[in-house]
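Chain lettering (A, B and C) follows the sequence in which the chains are written, and residue indices restart at 1 in each chain.
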């Protein structure tokens, strides 16, 4: 197994080099093969987890050691499948491909590091490589004139996260006696006080939440994803998102002790953050009219759901229910696995639409007619999974998340039961709006009458990639009772119970016991086609009657179907009014008149929803920073004497410090 | 009844006269063109309504070969008349704010302007989309456009309504009318005056009496004949019977749009009773076949009419009270489709629509005709300008009409029913009446042979359809049907 | 807040039982004038000159056949009744003039042949109890619409006969057209006809739809439905009153007999 990972790393480095030398095709091939090698490594090494691999150099007196736990391989494997396809299809912007491939290689290398390194210094380097890679990918594409600003905003928020991670690592290292080795952190954390442990936990949530998209950090998602392409999104929402969650889960479960009142409070906090993030993210996802922005908000929402499961795991753990803690933790991993596949598929759909139409707009142009059957099936399966429709993976994992939260009645304290009950309610709201969101995406983005003006088709390669991912999602759901065994050993290591094994009983999926509830995507995938036999027979029977095709009835005149079709705004408009206390929507119509008022010549219409944290948090902070920068401008006085005086003062301070 | 004052105005003076008239508070009522001597020498006539009790002014202008200055910048309501003159008579105007064809549908072309005497115009038509204002902004793709019609749901007249809307909110509304343009004004050419009365009744089917009355009065003005008093009084009876059944219809239809089912059924039932009263009295449910130039054609059957009207009044009083007390119904009407007073005046609103917006104008009282001067006429006015005010106004008008008719039946004079009416060749006349929907004008010109040379019809629905879109912009879809029902317009009257 | 339901219940049933029994609501109506050629005066053209839609034409043949009357063009203006010096034209209360063939509306001296057209018993079996009607206004003056809208008021209550107006031609069995077919509405009318599924029927309601009436012709109008869509029932009248429309609908459904043959109405009551 280590050979495959080393091969992956080597291929990515070579691909990076080739990309910098502008050999795009070769680079694409190599990076893609590297990703495939990564997938193969994950498949071959589960369930035992990889062997420890020590690298022959040290970083700040710390040997760099690489160890891939089963959960790391699980998340990495599922994330690399869409990454491989995204790299092979590459960015649709041809001129930016070398830069994009370099960024992709950097992200993948960073992800490899985040999943595997076991010490703080190299972890931080790998973490920054993830951000750097994402930024390079999006900036190379130059799809939007304001991509610079969006990336700056993204990097600013990610740096806030990095600072939080650094602080947390420093605190943990200090308690561990100065060592940045992760293996020593748990022992060191035992010596921390309860308040300090909550503080470290909060820092970890902020730090990794910045990349996961927990509130308020999801605000960089639309701008940054909206400046890139679907391929960038497939990588950023797949392997990179999974890496961030893996790091958060490890931080909260491996590095912090497993009992005490503080853990309960931390767990409630994490659950609350997860619930609110997912609700807000999905509300904004529903209002978007750009493929990438909608899918980016949906990634934040799904990350929030995984964080809810993680919070539940912490609460169960504190109360002594290790089996339920293991269940919750496993469910989070399953959810992100399915999400990576499905989200990658839809991002590649977006690229297909872009290639055919030149824009990422969600509007009814009848793309499903212009694409092949493969594209349609793939798009349908991936959207079904994200909308949590049976028998897809998304349905199975959402159901399991609900079951986990329902197990809250086992908790001994009222506060715990209440928290999980409210989390269940929030989860229900999220899932309902997510369903509507994906109905909108599929319905308006892909359906509709054929566009009369253009007749471009979606490329066959996109159809192939999307159908592969759609079938992968279905296969993941159908074979889940089998794939679950791969996580069993990880459960034993973390929680001491065979939770994963207990989650499947025969071909049913159960929340540890089949007396409570059960579903079975494996059986559904057989039963659903059987149920369809009767309607299909009726359909075949109906074909015996001659069908006369008539035009759509519009009241007697022929109208352009495109102009009258539901748009993404009108689909979501009712929710905009209903939740106006969150959205604070604006709608302006400016009318231009001819010579005299009353004779209207032109209408200009603008609409928008307001962000929650933008005006509340980021704008005041930005204004404060500008004000501070304005004050500090005094340092740029341009006066030579002032500079000499500063240098003199600095010299004095250095002398004072060193001559001690 | 004071006759209109005719005045010749030079082309160069038109703008100045118009501006001073508008500044003095007059309303430019209508404009039309005709060809007194040949296609090269048109004459444009403007009817100006100076003050409510003063006689109407008719300005005549012969532009010769030049184009006319457009007065629409001063009086927006003249825009439609100028566009119609361009379409049907071929005259051009300078600086029109909106020079698009009005009466001809987009995609229709005429070989020659049809109202030029002695020509047979040929019309070719290939359907084209309506010209709507341009939709700009980065988010224009988000706006839906709904073309509704011309064949609409339910038993309704044909017209196409174009909406720019977002699910519920209407951004812009444009009614594409004139699908039903039948060229009625051309059909009058060459008819004898008596047959013209038969045709006038069929321009707008539910306004037969008002149209026939305005036409006959125009002829009587041209002939200078005096209609006998009994005929004048009976004409008032017919006009008020027509007003009654029309208002009952619109009240019932308004309940239909607010889904007040029993209210709708009762309103339509009362309308049916009114039509059956018409049938028993006159022989025609729509009161056709009675009004002719010089008086009436035959005696209506008046026995039992007062008793029937009394029964109807009692039932209607209860209905009106119930309508005004139904809060769910009123909820849908209050603040729906508000028409401000200034807008109503500038855009030429007429009839119940303008009286509900605070404009106290009624041709029966201000320019009395038939026997209105001798009868106690009450004119209702409301200030709010919303759908509720229009309902209140119609209820008040029905009550006033029934009261007027009962008074009339008691004091009806005897005497002849008609007199000779032979307009001499080359004569002309302007007749008007207050139809259930507003002010209606007929301008009639007689040729050398004593037949009709040119008839211009200004129907109240033509004026009100111009006003209606302004109450729909920035409203919402749920209120649209209620607003349209509260206006109570016909499309046949507008399209002619 | 008034209790409308209670009010409606207290008002009771306002529907007439016609055509089974009872009041048809048309007492006092002046319908299509009755023509007696025996009283016609030689050399007199007054009726033809007074007829605006040209329903009466003088052919100049021998006495008795020199005046031709086409009731498909009659607008019941009663001018012919008033100007005729010999009462050849008299006012009548006949309005049930729905016919299946256009020729039946033309007054013929000889007795008309029996309605030889084989009644399609199919219609009664399939549509007899439930007929869905799509109305298209092809340029009427709104008078016919006023009478059509009256069909759903509590007095006539068309629903009790199983006839309904639909919003979309896709659910319609019968296309009911009023108006002389203006240039702008010819296309939409044909679209509505095409949008209806088979089997479908067409009824021309009003003199304008039957023959153009007073409004047809000219630069903007056609002359009725003939030549535009195939017509199954012609109902002249200006406008035809709701009872006449009900009679024509029932006649289409073979629930009422055709009353007019060769321009002459059968003796007896109007309607059933």
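By our rule, a contact is a pair of C-beta atoms (placed from the backbone, for glycine too) under 8 Å apart; a residue touches a chain by one contact, two chains touch by 3 or more.
It should be emphasised that the depicted structure is a prediction, and the values quoted were computed from it without experimental measurement.
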item	value
Winner on C-beta contact pairs when A-C is weighed against B-C	B-C
Chain closest to the assembly centre - both centres taken as Cα means	B
Cα-centroid distance, subunit A relative to subunit B, in whole angstrom	64
Whole-Å gap between the CA centroids of subunit A and subunit C	70
Distance from subunit C to subunit B - Cα centre to Cα centre, in angstrom	28
Overlap residues in subunit C, where contacts from two or more other chains coincide	136, 168-169, 185, 187-189, 191-192
Where subunit B touches two or more other chains, by residue	127, 150-151, 158
Residues within subunit A bordering two or more other chains	555-557
Subunit C contact footprint on subunit A (complex, rising order)	548, 550-551, 553, 555-557
Subunit A-facing residues of subunit B, complex	72-73, 76, 79, 95, 97-98, 127, 129, 133-152, 158, 160, 164-169, 171-172, 346-347, 470, 474
Subunit B partner contacts - residues on subunit A that touch it in the complex	289, 361, 363, 554-560, 563-571, 573-574, 587, 589, 594-596, 598-607
For the subunit C and subunit A complex, residues of the former touching the latter	136, 168-170, 185, 187-189, 191-192, 194-195, 197
Complex contacts: residues of subunit C adjacent to subunit B	1-2, 4-5, 7-8, 11, 14, 25-30, 50, 52, 75-79, 82, 91, 135-150, 152-156, 165, 167-169, 179-180, 182-185, 187-189, 191-192, 213-215, 217-221, 238-239, 241
